[in-house]
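Look for chain A in each of the two complexes below; its partner is chain B in the first and chain C in the second.
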Partner chain A sequence: MTFNLSMSGSDLLLLLPEMLLTVWLCVVLVVDFAMPRLPKVRLAYLSVGGLATVLLNLLWFDRTGVTGTLFADMFVVDRLAIFFKILIVIATALVILVSVDYVRRFRFFKGEYYFLILMSALGMMFMASANDLLSVFITLEFSTFGFYVLVAYLRDDVASNEAGLKFFILGVFVAGLLAYGISLVFGETGKLVFSDIAAAPPTTGLIIGFLLIFGALGFKIGAVPFHSWIPDTYHGAPTPVTAFLSIAPKGAAFAILLRMFLVSLATLKPAWVLLMVGVSILSMTYGNVVAIAQKNIKRLLAYSGIAQVGNILIGLAAGTKMGGDAILFYLLTYLFANLGAFAVVIAVGNLIRSDEIEDYSGLNRRSPFLAMAMLVFLLSLAGVPPLAGFIGKLYIFVAAINEGLYTLLVVGLLNIVISMYYYLIVVKKMYINEPIDRTPLPISTPMKAAIYVCLAGTLILGVYPQPFIDWAVSATLMFSQFTAPAALAVPPTVLPFGG
Partner chain B sequence: MGQYALLYILFAPFLGAIALLFVPNRQVLQVRLIAAASAGISLLASIYLFFAFDPVKGGYQFIQRFEWSKELGISFHLGVDGIGTPLVLASAILLFAGVFVSWHIKDRAKEFYIFLLILAAATIGVFMSLDLFFLYFFYEMSVLPMYLLLGVWGSHTKGYLEMTDPEGLKKRDSVGFFFNFGSNSKEYAAMKLTLFLSAGAILALLGILLIYKFSGLHTFDILVLREQAKFSGNLATVIWLLIFFGFASIAPLWPLHSWSPVGHAAAPAATSMLHAGVLMKLGHFSIIRVAFEILPDATRELMPIAAVLCVFSIIYGGFVAFYAKDTKYVIGYSSSSHMGYVFLGMAALDYISLSGAVLYMFAHAMATGMLFAMAGWVYDQTHTRDIPSLGGLVNRMPFVAGCFLIACMASVGMPGTVNFIAEVMILVGSWNKYPFQVIVAVLGIVLTLAYLFRMMRGLFYGPMDSRYSHAHDAVAMVDRMPLLLMIACSIIFGIFPGHFYNVIRAGTDPLVARITQVVPLAAGNGDALGVTRDELKRQADNLSSIARHEADE
Partner chain C sequence: MLEELTFGFPILSMLLFFPLVGGLILCLLDDDDLIKNAALAVAGLELVLAIVVLLRFIPDSAAMQFSEQVAWIPPLGISYHLALDGISVLFVGLTAFLTVLIVLYSWDTVRHQLKLYFAALLALETTIVGVFVSIDLILFFVFWELMLIPSYFLIKLWGGGAERQYAALKYVLYTLLGSVFMLLGIVLLDLNYHEWAVAHHIEPSYTFDFLQLLMIPIPPDRQVLIFWLIFLGLVFKAPLFPFHTWLPDVLIEGPIGMAVILAGIKLGTYGFIRFSLPLLPEASQDESVVAVMMTLGLLAIIYGAIVALIQPDFRRLLAFSSISHLGFVVVGLFALNFQGLQGSLLTMINLGFSTAGLFFLAGFLYARRQSTHLSSFGGLAKKVPLLATFLLIIGLASIGLPGTNGFVGEFLILLGAFEAYWLYGAVAVTGVIFGAAYFLWYYERAMFGPLPQGLSHAIADLNVRETVIAVSLSVMIFWIGLYPAPFLHIMNGSVQALVNRLDRGSVAETGGSLGVRREALGESKADASPRATSLSPHPSPLTPHGI
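Our next item is the complex of A and B:
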């Protein structure tokens, strides 16, 4: 294979969002140590401003339909990549907004925090564009590096250190699995680009290789049986980092999973559908059943996250373009509902210094706004109309039933009832139980802004989802070609400047 | 107005709920007025709807249709027929009455009204949805506010397991006991209700998704599905059972009833009213709208299931109500007993009995709404619902006692109230097919008489405990108005049922003709049939030509 590393101006254009973000994170770092007196809050706004420019850039790409590949097909910019990049950028901006109050708790490295968040975001943006196994490995490790540091950011906190260590050791182990899987696949096929592998015959080595890669990605998304790090890491990590961890890496990993299963392995679908069905059923059931017993809201959301991933995997098990659409839409709904729920957890945690569900008693009396917001987010996660989560779940179920996955459908539906129970337990604490301490809880402006954005997202996606469904449908257009294995993964290069 | 009536009825409460978000918590009067105004707009529009509905034209009227999602085949499709119209009216009346019944709620009044308005609007939404997706959407949306309304503003249940018969022997609701995991708290009741109804909804959703998949039409639109979707054999049976039992759990059909009395008892008065008055009818209505419309053949074959289970509903509910000591349990079990009549009317698949069932839903909504409103009033005054410890309240609250008597009479089905007409229609209509059930139902009426008057005596007559000497009557207009409104509806429609009857027949006639494939012989009363007869004749011609084809082959 040959690498063509000569780049023209129009090639560089494809990298523009990443380059913008790279420049910006350097600016944040430089400003941080060049102006030590600057309030760290300004750095947060600076980062959000940078992300806004990146978002505008991505929206421009999305509107004008800029697509193309770079570095011998290693890096691809297509509608799917742009969709996931937008998702990641929005998540990052929201996480930074909800971090502002929390960062005051750190004794040092307050500025570097924003730098690390942006760096992880950059890594995940590359992940969304990864089009061959080598770039999968590089981008995955790149994005995880930032998290290794971030998870252990509370240096004096034992739980945070333990979380960091657990995450690191398992992460490194998984990196080994991933590298081994890639080497097996490469050894069997001699190819790395997803669309090239599609033509390869299914040998034992290839299958084992892909299973290992799936294991590594399953670790990223936290699907059973690769979930064991999730509860402790979510629990111990600083809450904004947990919020970030709960959505952005999952989104990026699903971008890779979609490319891998719907492009490389499109012909082997009958074989991996069973794998997906199994993992999905296990994740949903395990996550929901164990969540019932949780006393800590972060752990509850961790287990609910495992269950949500099981739900998303239903779409992958469907293995059709519609399944892909449903996954994209579901991730959007999950982004707002889950980040919103974590935003409330952070807001409450900052004020009462506790994440125990018991301490949410009477939240409605102390802060009607936070309680109402939490109610909306939890019900959206549970899939109650008219909120976004309901449409997401229905979309996934419709995709599954079109493929005749009745078992999965029944398990998924039953899990809705189970999940409703533990979400309602939190609602019960907030609304029905009386508070011990009745002092009102004030909320800072950036936090309020983030919660409003999440509320708006959750309601709009639930009541008027059509534009977003259209967006998801157009983002996965490439998969509709993959009825025949010989088709190309990458659409021909189209640039606005004609070159 | 005119064509957009449905939008006013549906969105006035929603917009009211949104408006309430922006009212400060302390402005309680403003909160109440906004709630009353939005409920009032809804009520006025639904009265207009009821009288503007053209029974001669029949079919679905006031149709509104907006594309919602092409990918999933969903459209926001609203419309009412002769079955939906009375239920929309009942919901609007009960919402308006409910706003006034809860006038004195002080704790977090704003949030109470927000959830009450959402609950009522979602219920109304089900009655006018012509799209399976939105039917489910509103259905599930109406369940969740119940959790908070019960849990926050409800009251704990006392002595649920303790029921005594006249000799003082302990009795208990064995089915309810089986499902009762040990607690009488309102939180428990709220959770039980929500999970039961969600589980039922999930069954129904599975049925709906199967309809979507196997119709092959890529649409959730009921009007398209009823014309074009064909299901047969085991598939139709499976879908029908899922839909039937999914929706019957909210109806509540025995043995799926155990959440209902617990929920009724824990709920605040206005919520019980809406719950018993209209929320339970969502079950019957959805079965009619989904199973009857889309799966007529399976309905014809499988509806005897309902005819069997409704006997248990009627008798079981009646007996438990007789032994219960808690006022709201009595009314709750009487509701679940009376819902058996609706199932009987539906199961007979007869023109008269199905119309009677629809009319009974409206009549029961009024009667049980009154009973719950007054049980709530008595509880607010005395802080107990324990019948043996109450008594003699007629001296303290003559107006409420008088209304209670009327409500009991309505509930029993005294001539002059709309309940009487509905009951007679059900009994007469089902006699040919299910004589045994009709006899049981008549015995059930006797039972109703017994337990309601036992409760009446227990509450209002006999010696009064001095603890309750501070209890006072409903004097203010806001307190009397909701009771008078419901009594008026019950009696006015009981004396002048003509238009009501025509509206309902306009909805039920084509449906029954479709299911039973028999043209009504006694096509008596009035305009409704005069014109639907053409429709029926057309259908009969179709059927006979099909039969001829089959005979030729």
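Our next item is the complex of A and C:
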């Protein structure tokens, strides 16, 4: 194995989005230091502006089909990586918009907050490009560092400190598991790049190694049985950080999971399908059942998030290219619906200083806009047509049924009914119950903008999903050569998703 | 059944979205009187549109008419495909008709949040019309599910009962539980198509289009599985005994408007005749399937009627009478012959006039006595003769007196049932007797005899709006009862095509050879009316032909 680290200009181009973001986060930090009188809200706009340039850059990559690898295949830029980077950038921009009002609550380090958010985003963008096990370790840790600080950002709040500590201890433990797993895989195969490992024979060491890596990634996405940190961390962390945690790291981790399972482990699919089915069923059922009993909206969304991850894992259990498409599309729908729901929680929380579901009583009378937005987001999460969530679920179910995963599907469908119950409880509180306090709730402009973006996303993905499905389909084309032949019953040229 | 006619104007899309758009515009208004008038105007125009559709509908034809198709989600084979045939067209008219009456009824009975109420009602109308005009299974499912949202709010916010919270949640969760299984069944149909299309090198290989799905073979054992999955979705909505427990709760706790829609528009059984029977002909004729469905139907008839017999509350009685009537519809459907199917279809329409009409009258009674319990009635015929008369007319239609619409429908069903197997007919007949018993007994106790204690003040008879509602219902009842021919003509073509399909089995069983279908194409072209143009939606070997 020889490492050639010399880079040409065109190699550097591949890193352009990350470099741009690095520049922007330095700018944010320096401006904060240099101009202490500057209203912090300007920093937010500066960050969003920076992210917009990164987004434009990524869209340009996507259009022109820039692809390539760097650093001896450790870092890859392909359609899949670009897809996930765009997802992460959009999520980050929305999170910054919804943070603006919340940041006023912090007593110190208001400017650094935006810096840390951008830094985590940068880490996750690298995660989306990770193409070998070493870069998985580095990027995963890089992205988590920002979160360690962010989760405990409410310095005087016991819950926030508790959340930070739990997240940190478990996170460090998981980093150990990951390193151990990687060392086992490397010891067995002598390879680190995903596509090189694909050729290796399945040995006990390799399997244990991958199980450990899966555990570490399972922690990242919050799948049962690696979910134990989720409720307390989500509950204690500042709500915008919770919103960020609930989508961006999941997206980035799924990028790695897809590469790992659909490329490295494609030939071993019969062995891991059962694992995926089990984790998926456990996550969906546990998440939904426990969500019913929640009194706090952040905890409710935490458990609903666990269940949603179970849903996404159905796509991984299918283990086909179509499953991959479905995961990508589902993550898009989840991005808007979940961030939107959190945006409403933040807006309400800023005004009434409470996250108890009881305090959502009569929200419709106090702010019809927030109540309507929450209704749309919750129904999309539940999978009610014609919202985005329905198409996402349908896509994933079709992918699973093509592989004959009937049990998984029936459990998934029953879980829709369970989830509907607790989403409807929130709806009932908002629309039916009488408000305790009737004062109208004003909403700030950046918050409104973020909610409008999420509403538009949820509706457009539901009513006109075609271009987004096409995008997801083209992002996963690389998997068609690795997934099992059954998925290739139709020759690639006439793939039903060719267009 | 596979032939499609276009209309040159997207009248179904208009029919579909007009109430929704009208409802949204309503939200911009502020004055209560203006809102009522605007709601009436929207519902009225929708009825006019529906009548135009009915007039332009070519009777005695099995073709899918007014077809509109736009690709929606091509990778999954989902399209926005609307069309009406003899099976669905009458339901659209019925929905528009009942909505107008509900708006009239709600005029002074709904007192708070008028704007939201009418917007929800009109949105509900859109989703129901959507269920009837959708030919794509996912589009159908979208409207099927979407219905729950306005229904939920209608029951919760404007329901009269103390337990309405519980009733609304129960309704949504029960129907959702059934629906998810139906979705699984629908996805299985798609999977079956996919396998077949891949084997025959046909692109695109996914479809949820009813007409496309009709053209491929489905192995009988898979048909049975899909049948039961879809069955679960349909019977919870219908609701068929023993899946009915939400119905009495919702009908009593919810507002009258909602009760009229749930009792009057038979979405569940429509699903059977629209999708289950034609798509799964082998499963539908499977001995055990028929036996189970017939047993459920007969049980529903007798159970509903007996329980109705002992109900002291008029709305609860109607709920169980509705369950009993639904049993008749199921018996007619699974007689699987022309008379049975025709009778079922007509009865589904009839219930929209009779059972739904009785709910309106229950509403009138409720407005006068603040209760529909027997204890607050008695001797009312003297006080409110007009109301009592209409109650008798519509009630007699509901029990199937000759000369009313109920008779025509039930007679055809019984004819079909006897033809299928005499025992089915014999058991079903007893339901007619029970029906007469529970209604007449209740009527006697409520309308004659001594006045209830404490009723000294005068109570008003029907006002103008209420009379309009009662008269228009009675007109329809006698029209269908005395001269059903126009209605039967509208449905005949499609019902005959369905019977033919049941006889021949799914195309698959003929070996799927194109030759057989080409012959059939020749036949259907000969049938086609001259002003109709045949339209093939996909230029593929699967171009729809007549069956």
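FYI, the second predicted complex is superposed on the first by the 482 of 499 C-alpha atoms of A that agree within 3 Å, B and C clash if a C-alpha of one lies under 4 Å from a C-alpha of the other, contacts with A are read in each partner's own complex, and residues count from 1 in each chain.
Here is the rule we go by: contacts are C-beta pairs under 8 Å (C-beta built on N, C-alpha and C of every residue); 3 or more make two chains touch, one makes a residue touch a chain.
Nothing here was measured: the structure is a model prediction, and the numbers come from that model.
When the two complexes are overlaid on chain A, chain B and chain C occupy overlapping space and clash.
In the superposed model, A:368 lies in contact with chain B only, and not with chain C. Of the two partner chains, neither chain B nor chain C is touched by A:33.
In the superposition on chain A, A:420 makes contact with both chain B and chain C. In the superposition on chain A, A:108 makes contact with neither chain B nor chain C. By the touch criterion defined above, A:397 lies against chain B and chain C together after alignment on the C-alpha atoms of chain A. Overlap of the chain B and chain C interfaces on chain A comprises residues 325, 379, 384-386, 390, 394-395, 397-398, 401-402, 409-410, 413-414, 416-417, 420-421, 424, 428, 431-432, 465-466, 469-470, 473. Note for the complex: chain C touches chain A at residues 71-76, 138, 141-142, 145-146, 148-149, 152-153, 156-157, 165, 169, 172-173, 176-177, 180-181, 183-184, 187-188, 190-191, 194, 198, 203-206.
Residues 322, 325, 364, 368, 379, 384-386, 390, 394-395, 397-398, 401-402, 404, 409-410, 413-414, 416-417, 420-421, 424, 427-428, 431-432, 465-466, 469-470, 473 of chain A are the ones that touch chain B when the two sit in their complex. If you check the complex, the residues on chain B that touch chain A are 25, 67-72, 108, 111, 133, 136-138, 140-141, 144, 147-148, 151-152, 186-187, 190-191, 194-195, 198-199, 202, 205-206, 209-210, 212-213. Only residues 325, 379, 384-386, 390-391, 394-395, 397-398, 401-402, 409-410, 413-414, 416-417, 420-421, 424, 428, 431-432, 465-466, 469-470, 473, 489-490, 494, 496-497, 499 of chain A touch chain C when the two sit together in their complex.
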